[in-house]
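You will see two complexes here that share chain A, one where it goes with chain B and one where it goes with chain C.
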Partner chain A sequence: MLDWLRFILTTGLLASGLTILITSVIGVYKFDYVLNRMHAAAMGDTLGVLFCLLGLTVSAPDIWTALKLLLIIVFLWFASPVSSHLVARLEVTINPNWHQLPLKPEHLMEEDT
Partner chain B sequence: MTLHNAYSVLYIGALSVLMVLVVACFIRAIKGPSIADRIVAINMIGTQVIIMVGVVALMLHEGYLVDVSLLYAMISFLAVVVLCKVYMGVFLERQAKMNQETQDHA
Partner chain C sequence: MSKRRSDWQTRPQARIRKWFQQGFTALDDEIINQISQQTIQQPEVSQMMEAQREAMDTRRYERSLALERLERHELQAWVRTRGRKAIGRVYVALALAMAVLMIFFLLETVAHMPRFGDPNAPVTNEVTERYITRGVEETGAVNIVAGMILDYRAFDTLGESTVLFIAASAVLILLRIDRRKDGTPVQELIAAESDDRHYEPRADRILQGSVMVLTPIILLFGIYIILNGHLSPGGGFSGGAIISAGLILYLDAFGFDKAGRFFTYKTFAWVSFFSLSFYALAKAYSFYMGANGLPSGIPLGTPGAILSGGLIMPLNIAVGMVVSCTMYIFYALFRKGGL
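And then the complex of A and B:
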């Protein structure tokens, strides 16, 4: 009975994590500039990984596997913002016109000006 | 349906979804117009492969495969850092050379 409960918990967490990953891939295709795309990609890097690996942790065979899976979550949560920062700095450095490109959709641009 | 069968169906389903996502990110990495687009897409592929290796570790009941996943996370982070540094260095070097040439002409 407890095993089935663990299975159901794993299924729920893995399904929500995969849903967030699918959403982030759709977002990467929908946006049309890299500084927008990074927003969608970072969502999959943090929340998607958190849900998927927590779901795997619930049904891990022993305690050390579970702790190692949690260590992956902690490491990715430190590494993902750093790599996002580096990619954003690269884009701002090599593209002098980055502030003229559409950071917002065009129908929202008109309200500001 | 026994518990073992249920687990194998769950893991194979998760692996199939992740496989489609990796292919989609790879197409994005090929299409991406700028270099930063490609780096973002490769970073996403790394994240999805980490989850795939974790699923395979639990599917095969091999705990040590989780170590592979942790190492993959570290190496994928290192790859992004090194690629950013290299492309920024190439750009700055080219810019310095162009500034030098314009000064020589003037």
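And then the complex of A and C:
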């Protein structure tokens, strides 16, 4: 019974995490502008990875593996938003038209600059 | 010249002379100003003498400087013309001789090796089996890979570490932007620094805050992987890479000024030198004793304990230090052209 419960929980968490990750990948390829793409990518980096690792934590064989996985979640939730913030800051620094919303193609930075 | 002149005026002898001539309070600048505002009368003769003496001293000092400059110029001229040519010729001859010698040794070794695909060659029957069956007993390391790369094939790993060091030196030669001899930056360096300031996050509070939390954890994890290299997957190379990642993160958050406090070219040179020479000496000793069938005197310990595996843990530490320094200096050089 407990094994079945654990299996169902693991499957559900992994499935939802993978769905979020796939959504974020589609978003990264669908959007054009850096800040929009960053939104999609950050979602996958935090929520998708959180669900995947929680699924692995539930199915972990012993308590120490589960604790290590939880530590990895903490680390990723520290690191990923900060890196997103740095990407956004770089975009704001080098693109003078970043605040002109809604974004039109002429506001986007050229690829080669 | 003006800077040197003022240095010369404020040197201890001049200050003591002033002290004798102007009274006890003359050392304090504010009091000097107050006194000069009150217009204390100085005797005419002593001022004249002081001026003459100063002029003489200045002339002597300038002459010695000019002599020094002339000597340096002559030496430089010699180095630039004949000396460089001579050194270059010797260098080319030595390099050619070394290359020919190396080719000879390698071909000689190849000639003694078994034919490719020979079923009786030791690599196809004995070696792998011996690693697996007697590895723990002979090296004392539970992690069989660590036992292989740092005990059976330690010479190969020394070559890898040296390759890393040589690569770092080559990148240093190619990418480092030197300052001028008097310490002023060249145009290229100013451009690189302004680029760096523009594109890299300087003094970002969010990054700094998270780095304050993350860097110690990353460094501890790297140290754990290095020290646990003979017990679990990991070792010097991976642990060194993790430590260098932590250092690079710190550099990104706090800039070159703060990172330069604990990591300079001198640190890189000394750490690499000591690690590589320790590795070479320790392994030379162990190989020499082992080849002659003598006991090396290094206890292997019980397999599985943290202090076991003989030389494997110190060698892991040496490799980890070389790897972390090399990766950090790669990053710094590719980013700004210097530390």
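By our rule, the second predicted complex is superposed on the first by the 99 of 113 C-alpha atoms of A that agree within 3 Å, B and C clash if a C-alpha of one lies under 4 Å from a C-alpha of the other, contacts with A are read in each partner's own complex, and residues count from 1 in each chain.
In the analysis below, contacts are C-beta pairs under 8 Å (C-beta built on N, C-alpha and C of every residue); 3 or more make two chains touch, one makes a residue touch a chain.
Predicted model only: the values in this text are computed from it and were never measured.
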Touched partner set for A:A79, first chain B, second chain C, both or neither: both
Touching partner for A:L90 - first (chain B), second (chain C), both, neither: both
First, second, both or neither for A:L13, with chain B first and chain C second: neither
More chain A residues in contact [chain B versus chain C]: B
Touched partner set for A:L53, first chain B, second chain C, both or neither: first
Doubly contacted chain A residues - partners chain C and chain B: 75, 79, 82, 86, 89-90, 93-94
Chain C residues touching chain A - in the complex, by the definition given at the top: 198-199, 201, 204, 206-207, 210, 213-214, 217
Residue ranges of chain A touching chain C (in the complex, touch as defined): 75, 78-79, 82, 85-86, 89-90, 93-94
Touching residues (chain side chain A, partner chain B) in the complex: 3-4, 7, 10-11, 14, 17-18, 21-22, 24-25, 28-29, 34, 37-38, 41, 44-45, 48-49, 52-53, 56, 59-62, 64-65, 68-69, 71-72, 75-76, 79, 82-83, 86-91, 93-95
Of chain B, residues touching chain A in the complex: 3, 6-7, 10, 14, 17-18, 21, 24-25, 28, 32, 34-37, 39-41, 43-44, 47-48, 50-51, 54-55, 57-58, 61, 63, 66-67, 69-70, 73-74, 77, 80-81, 84-85, 87-88, 91-92
